[in-house]
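Input: structures, listed below.
Shared chain: subunit A. Partners: subunit B in the first complex, subunit C in the second.
Our next item is the complex of A and B:
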């Protein structure tokens, strides 16, 4: 609150050409916008680093080594080792990297479906609109995890099954959002006025409609990530996802369940925390992006 | 030029009751007509029809005998009563102001638009301030008729006087035709040279 109040005060104090320049900062305190950008880039950097580290990792790092079974967390093995002596730190990183990759694919596919359906629904209206809405209702009516299980099982499980299942089931919510935004802007007075001022449909789409729908779409896209990652982990945990050999957070957690009664707490704590942190960071990026892209709060 | 509604009828789709029926209305360049009548009698609907925002269900809106252009700049421009809805909330006001032409410094000064406002977002200005932008942006040389639908209702009386003075000055200079929709009879008498009560010409 104090930050906001001071930002408002600063804006009030700035006059004339001052307004466009860097808002004056008092001492070391940053304004909200810069802080948001810092948060977003830090979170994004961490996630990107995990993904790339996993992609280019030597498989030996998390290879089997029966001499080191069930080691407690130490400097050599920060997350300990499991019943086959595999290093849990590298396994977690690799698993999270796989999850992020699946999340990326899922977000890309789902958001494109959502964008096409949402815009089509708003632009065409009538029967098209009703059919698309019906599809959305159908998909949202089914319990999500059941749908995921069915599709993953149908595709034969494994990496492909889980990727397809996660990719094609995350579009309904975003479709609704995109449709609502597109409808709203289509009927807005300023869009009608733009047509009357002789702007072409292309210009109106480029200048008015896309900038209006894009922020919602982008935020929706980022907020899809945590869902996709959690669902991938859930599927693997239930045994419908990645095979046991492939490091995946869900698989790691389900294996750890067998050892938790014997006091091997580190097997589930650290991978679980990593998953939680990754999901929360994506959520944070989505939220902060929303604030940055919204004209109401973008100037603070 | 002449903007004309010929036997115009309008209703929202289907079999809903007629809002306007067999309305004839003629506006010549340089003429200023006030459109008055009780709430809900179709004043705003006629205004929207005249500016091409709505299509008549019957009859025609003609500009010099031809239908209003659909693709290029419409010579009859409307200014509405909700300026905050008529500007893109995601555009800084400079962009909004120059969407179809670039008003010169004199006009901006006369409208009381301060330079600093151009760099702001619409949410950072009041309704009255935004309305000045809405008016200024359609005062381009291609505009021949102005349809003003309650444009000064949300302003304080001093600003109302300023804005009308300016609109009238420009209307006289450029021989614009003016339709003024209002509930304010004093304003209608002051600003316009003819007052038309819509219920008299609406045969619904």
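Our next item is the complex of A and C:
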């Protein structure tokens, strides 16, 4: 047992030093860091595995098979089967994989919007700042789901509609974070000195503000995933998004809703559990990354 | 004087916000490729093109978007939000009649999550580091990440189907006339959706309360009170609760936005006839007037929550009263 544990630890450390070029800067006590990196790589590995498994999955695995309708969970079908005899385990994996893909794309788009707006708002100040702040207030003034519904509707529903809706609605909070962080740098002596030495605002933004804001941005980006995934699932649950044949966690759960009355509990328990675990793992990665990237809290 | 000024500026901001939200929702809905006419008559309608053109003309569909917006805005200012296709009723009426159902649901969930979360957070902080604390923390983290609709489905499965303690959704018994429905029927039907919705806030408020109380327990004045020989109960009641309750209440009021989003999911699971299920139906059935109406209504609702939080904060916290109001 102990050998196994230390082997795992070493593996974690190896990937860690690949990820972080300068492990020394993170403080003298390496143990906490090793543990953090181990957690992050394990969680990330699981999520990556689910995503890749879903991407390269043969559709036959969750194909229709009327002979196996409503089977209870068993070794052959760990999550049971549904009303068309489709294997729920593979459907859930495929659905979660789709959700993660959409979540990744959406977070990427949203976080880039947030980065640009946040830095622009802090660096330009004045009217630009006020306009951007007002946009943020506006978007946060509507309940998120309502905004998602409106945008899905604008895109005419469908998978694309859901993806776009999730992608363009997650920036306001991160914009605020980035802006606050950038404002801090903006008032620092060295930035003022850079201005005095004739650097243009763009150069200052590129050389001083962006590198400083990057850690906050990265953590914010990772912490966007769980929201994005959850909202994608919520939208598909409400009936937007993919056609019935394409597995999506939300769609699976909304189908399961129809069979609840007849006591088919496994149809909703396991797919939801997978979604929950994925969301929690993304949260965990975000939290641990925050600790890793912030030397102050790295060893707490 | 200060307060009047603050409320005045808040009212102005709300007007601006509502105007912006109206324009935004109108643009979004108008840009949709979903044809309102097809949505209204159905894709396989046998209506003649002439009749269709007549409806389009009646609705002003052939006019440019700006004119349509102005007409719509004018009507809205006169209190006419249009007619909902889904329910075949004026939008204002739909919103008004469903709002009470949703309000009951939101308030129940709001109080439930606030009270339970607060108490749980205080106990976790007092017994910090114990098994209970750890369990509670883990539980809260799980609740925080649990999708509302999934939790609702589980509740429905366990308590309605397997145990049979609660009804399978709806807001009142199916076999009773509207007039015969008692308040107990309502509460009985409200219980599960309210519990489901409350999980949105409970973890957050518990973790927050715990964190704050631990901070307070590490403060000098707490230590001093302890040195004076106050018991744990006195300590918590005199020094803990007062300082924790304020930020917790503010946080709770700021959760209106999430709660409104949550009802869309919770009401769908429990087929509860509130605004949440109405906006979902509106978006799915291309019912543009209802969609915009509820969107604007939700913006006002969220603004009211934030506004109450700010005013309450400034009234209850004496330090802020002296320093003026923070928006």
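Everything that follows uses one rule, which is that the second predicted complex is superposed on the first by the 245 of 300 C-alpha atoms of A that agree within 3 Å, B and C clash if a C-alpha of one lies under 4 Å from a C-alpha of the other, contacts with A are read in each partner's own complex, and residues count from 1 in each chain.
As a convention for this text, a contact is a pair of C-beta atoms (placed from the backbone, for glycine too) under 8 Å apart; a residue touches a chain by one contact, two chains touch by 3 or more.
Bear in mind that the values here come from a model prediction, so they are computed numbers and not experimental data.
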**OP:** Identify the partner contact of A:156: answer first if only subunit B is touched, second if only subunit C is, both if each is, neither if none is.
**Re:** second
Original post:
When the two structures are overlaid on chain A, which partner does A:202 contact: first (subunit B), second (subunit C), both, or neither?
Top reply: neither
**OP:** Have a look at where A:283 lands relative to subunit B and subunit C in the superposition and call it first, second, both or neither.
**Re:** second
Original post:
Which of the two partners, first being subunit B and second being subunit C, lies in contact with A:56: first, second, both, or neither?
Top reply: neither
Subject >> Between subunit B and subunit C, more extensive residue contact with subunit A >> reply: C
Original post:
Regarding the shared-chain residue A:256, is it in contact with subunit B (first), subunit C (second), both, or neither?
Top reply: second
**OP:** Report for A:211: first if it touches subunit B alone, second if subunit C alone, otherwise both or neither.
**Re:** first
Original post:
Intersection of subunit A residues contacting subunit B with those contacting subunit C?
Top reply: none
**OP:** Going by the contact rule at the top, pick out the subunit A residues touching subunit C in the complex.
**Re:** 134, 137-138, 140-146, 149-157, 226, 230, 233-234, 237-240, 250, 253-254, 256-257, 260-261, 263, 265, 268-269, 272, 275-276, 279-280, 283
Subject >> Of all residues in subunit C, those that touch subunit A in their complex >> reply: 17, 20-21, 24-25, 28-29, 31-34, 141-142, 145-150, 153-154, 156-157, 161-162, 168, 257-258, 260-262, 264-265, 268-269, 279-280, 283-284, 286, 291, 294-295, 298-299, 302-303
Original post:
Within the complex, which stretch of subunit A touches subunit B?
Top reply: 15-16, 19-20, 188-190, 192-194, 196-200, 208, 211-212, 295-296, 299
Original post:
Where on subunit B is subunit A touching in the complex?
Top reply: 51-53, 71-74, 77-78, 80, 82, 85-90, 96, 99-100, 115-116, 119-121, 123-124, 137-138
